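Data block below; observations after.
Letters are used for the chains, namely A, B and C, taken in the order the chains are written, and counting of residues starts over at 1 for each.
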Amino acid sequence: MNAQLFALAMFDGIAYAALVFMVAVGLTLIFGVLRILNVAHGSFYAIGAYTAASIGGAIFAAGFSPWLAFPLLFVAAALVGILLGGPIERLLLRRIYAKEDALQLLVTFAVFMILEDVQRLVWGVQPYFEATALQQLGNLEVLGVFYTKYQLIFLPIVAVIVLIGLRLFLRRTLSGKLILAVTEDRETATAMGIDADKVYLLTFIVGAALAGFGGALASATTSVVPGMGADMIVLSFAVVATAGLGQIEGAAVTALLIGLGRSFAVYLMPELEVLIPYLIMLLVLLVRPEGLFGAVRTRKI
Amino acid sequence: MSLRLAVPLILLALVALLPTIAPWSQVVLTIALAKGLAVLGIVVLLHAGQVSFGHALFFAVSAYIAAFLGKAFAGGELITMILLGTLASLAVGLLVGLFVVRYRHIFFGMLNLAVSMIFFSILEKFYHVTGGSDGMQVARPSVLGVPMERAGFETLLFYGALVLCIAVAWGVHRYLESPIGHMLKTIKTNETRLEYLGVSARRTLLVGYLVSAGLCGLGGVLMAVTQGIVTPEYAWWIRSGELVFIAILGGSGSVAGAFVGALVYEVVRTYAAAFAADIWQMVLGFFLLGIILYASSGLVGLYGKLMDRLEGKHKTPAGGAKQSMEPAQ
Amino acid sequence: MSAQVLLETRGLDIRFGGVVAADQVDVEIHEGRNLAIIGPNGAGKTTFLNICTGYTKPNAGSVHFCGREITRRSPRQITRLGVARAFQMPQLFAEHSALENLLIAASARDRRWAPFTRLGDVPERDEMMHLLELVDCAHVAERAVNELPEGQRKLIDIAIALALKPKLLLMDEPTSGVASSEKFGVMDILTRALAEAKVTSVFVEHDMGIVEKYADEVAVWASGAVQLRGTPAEILEHPDVIRDVIGEEV
């Protein structure tokens, strides 16, 4: 493997890790607070991508400035969070918090099935491709490799901002502190008068918006096709499980690990590309069942 | 004989006789029985409080074994296919099971999904062995050395499957009622106490996992020889989700519900899905939500309630819960 | 005092964060002598039971049962050697009846893996019905355990442990959650059952009246270590105990 291929693999891995992190961090945040693994999270990612690509396609065709592609990313994220995440938590998930784990998992699985067909109905099965944001930033040459600034600089910076922003939000703001309190000890937090309903709703909206944001960011780098949500939910679960459920910083490190593992596999062992994330997950879980950064919880008896 | 017992027997007789009146139903019913066996595998795990989103894996393993056997031995033998296919599913079940029984709930469900997705992509990528996404033809096997005509083979498959399903349903019912079956259920309610009885929860779950993998394997072989073709789609997560869906539809935890659910699902899918092909998953999704939120004991539970009303009983909540766990046969 | 040593710990040490839950704990438990463990909350009493049954692994020290080292074994292995446990919060199989709970325990004890025998038809059924009678729960044999009052749930929890025919039974606050008017009744039932099963018991207890009446020996726990040990009469009149332990209860 020469230096150029090495650089390419590195860049691919970092760009990909940034996208996966965006989805995984929302998944892990929701799990931390609601104790529900949201299988429909993959759909939020796909719908974010479809929203950005289709609105982008329409407004650029109508002659608006291509720089609008960037604010559009946030619009897509907000739409997914508020129009999808909000109602799903409020109308559906709220009714199942008391049910057994297996049924909670099935409910989000059912939402996932529904949203898969919603995507097909709204956007059809033809791929969408809308790379204005990517083209707008242009390329740069590093180590003899031409690479897009969007993937090499913009995506990683956005990921780091989200990571730091989320940290500050959770540690410094009132809403964030409430979320952390509920994550750490739901019963005590509720007993102290924290409105758990509000915290759940807020968390779910933020988590869904992050997935939508990840999808919107991804839409500039790849064609948006049916089935992308299914692949992403399993992959981001792999990241979240490898990191340890509920670990935000851990999800960032693991996303990078899995992103790089996958991109190096593309160049070295292409037939293993799909398998690498799962192999990493299986290996980590065999050694540390609670994940790289997770803590063992023993039940009090 | 009470009405409660008579209705299932009449339904069973109707299913057995339907193909003689309406030959078109034979293949659909055979497929339903094949899926019912796999759903029974999901039901076994539901007793332990675990949901697998990857059990189509075991369905596909045995189906592909059947296809390979047919290819290697110019048609092959049905009995060998069933035995070796199920055995292969059990072997893969042991391998995957040793890993996944260390986990519960979310991890259990999603790790099963991950393993099945790995297998799915292997089936698609190694097309020179597996035929890729086109899949493989499954040659019509001989039965006990006797070559079969298509019509005769299909009839034999249907009645063979029916007898097999009744026998297997009885066996699984007895397993769930036995001490180790009840220990499997305690994984759902109190694993700590189970360990404090000197019993390994992991080993108990592994036994259940092997039973479920074997049942899926049995269903997979039947499906493969009935359809005459296997594709990677057999291992797809949507197929796994379908199995879980049918288990909940029939009545989670109910042995009879697995087959009732599979028959209803397959008939509806074959004749109604044509009108709603684009939104079929959506329909399933809404149905699943409806059952979980409003009729969590499924079709078998609804039947129990209907019978209670007909018999004018005012059921106690505990009695009602018991009812849905009991097979109706 | 020459009775055989059943369980012996040497130098047990464990801390959680800054809290010392066990600090050089050396304890001997003698066959046939029921030991009560008393002491303030957070003194490490439950942790001691957790270590002895393998639920918590100590940082240092050893546990021997009948001369065999069991320090790092799992609860499952230790249970099979003959140490049973009853819990402060009853650990029952919530979806099963009282009798079924015991039948599962008896099947586990006898390794009854036969996949086609009904649980209700196992040969241990009569024995388990008798055990339910001993703990005064025969009339609720067919009831689901999660519908029963706490007192009966605790008795069934102990009956499950007894069903294993252990040599040693560790009980974590057998009378907590039982109405104070019923505590002595529950203990009478228990001692009768224990005597019939010839089981040595260790029980954590806060009620000094219970300790006085039912224990052969008392160990006082504080700050993760045994501070005093002796007969109930000696211990309950000891000035330190009156000041630190009994004072707190009043």
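One rule holds for everything that comes next: contacts are C-beta pairs under 8 Å (C-beta built on N, C-alpha and C of every residue); 3 or more make two chains touch, one makes a residue touch a chain.
All of these numbers come straight from a predicted model, not from anything done at the bench.
K.L.:
Can you check which chain pair, A-B or A-C, has more C-beta pairs in contact?
P.N.:
By number of C-beta pairs in contact, A-B is the larger.
K.L.:
Taking all protein C-alpha atoms shown, work out their mean, then name the chain whose own C-alpha mean is nearest to it.
P.N.:
So the chain sitting closest to the middle is B.
K.L.:
Report the inter-chain centroid distance for chain B and chain C in whole angstrom, where each centroid is the mean of the CA atoms.
P.N.:
About 43 Å separates the centre of chain B from that of chain C.
K.L.:
Take the average of all CA coordinates in chain A, do the same for chain B, and state the distance between these two points in whole angstrom.
P.N.:
33
K.L.:
Roughly how far is chain A from chain C, centre to centre by C-alpha average, rounded to an integer in Å?
P.N.:
So the centre of chain A lies 48 Å away from the centre of chain C.
K.L.:
If you look at chain A, which of its residues touch at least two other chains?
P.N.:
Within chain A, residues 301 contact more than one other chain.
K.L.:
Where in chain C do residues touch at least two different other chains?
P.N.:
Counting only residues that touch two or more other chains, chain C contributes 91.
K.L.:
Give me the residues of chain B that touch two or more other chains.
P.N.:
Each of 188, 192 in chain B touches at least two other chains.
K.L.:
Can you name the residues of chain C that touch chain B in the complex?
P.N.:
Answer in residue numbers: 53, 74-77, 79-80, 84-85, 91-96, 100, 103-105, 107-109, 112-119, 122, 144, 147, 160-161, 164.
K.L.:
Using the touch rule from the top, collect the residues of chain B that touch chain C in their complex.
P.N.:
Residue list for chain B touching chain C: 171, 174-175, 177-183, 185-186, 188-190, 192-200, 318.
K.L.:
Touching residues of chain C toward chain A in the complex: what are they?
P.N.:
That would be residues 46, 50, 55-56, 87-89, 91 of chain C.
K.L.:
Across the complex, what residues on chain A touch chain B?
P.N.:
Interface residues on chain A, with respect to chain B: 31, 37, 92, 95-96, 99-103, 105-107, 109-114, 116-118, 120-121, 230, 234, 237-238, 241, 245, 271, 274-275, 278, 281-282, 285-286, 289, 299, 301.
K.L.:
Which bits of chain B are touching chain A when the two form their complex?
P.N.:
46, 49-51, 53, 99, 102-107, 109-111, 113-115, 117-118, 121, 125, 188, 192, 237, 241, 244, 248, 278-282, 284-286, 288-289, 292-293, 296
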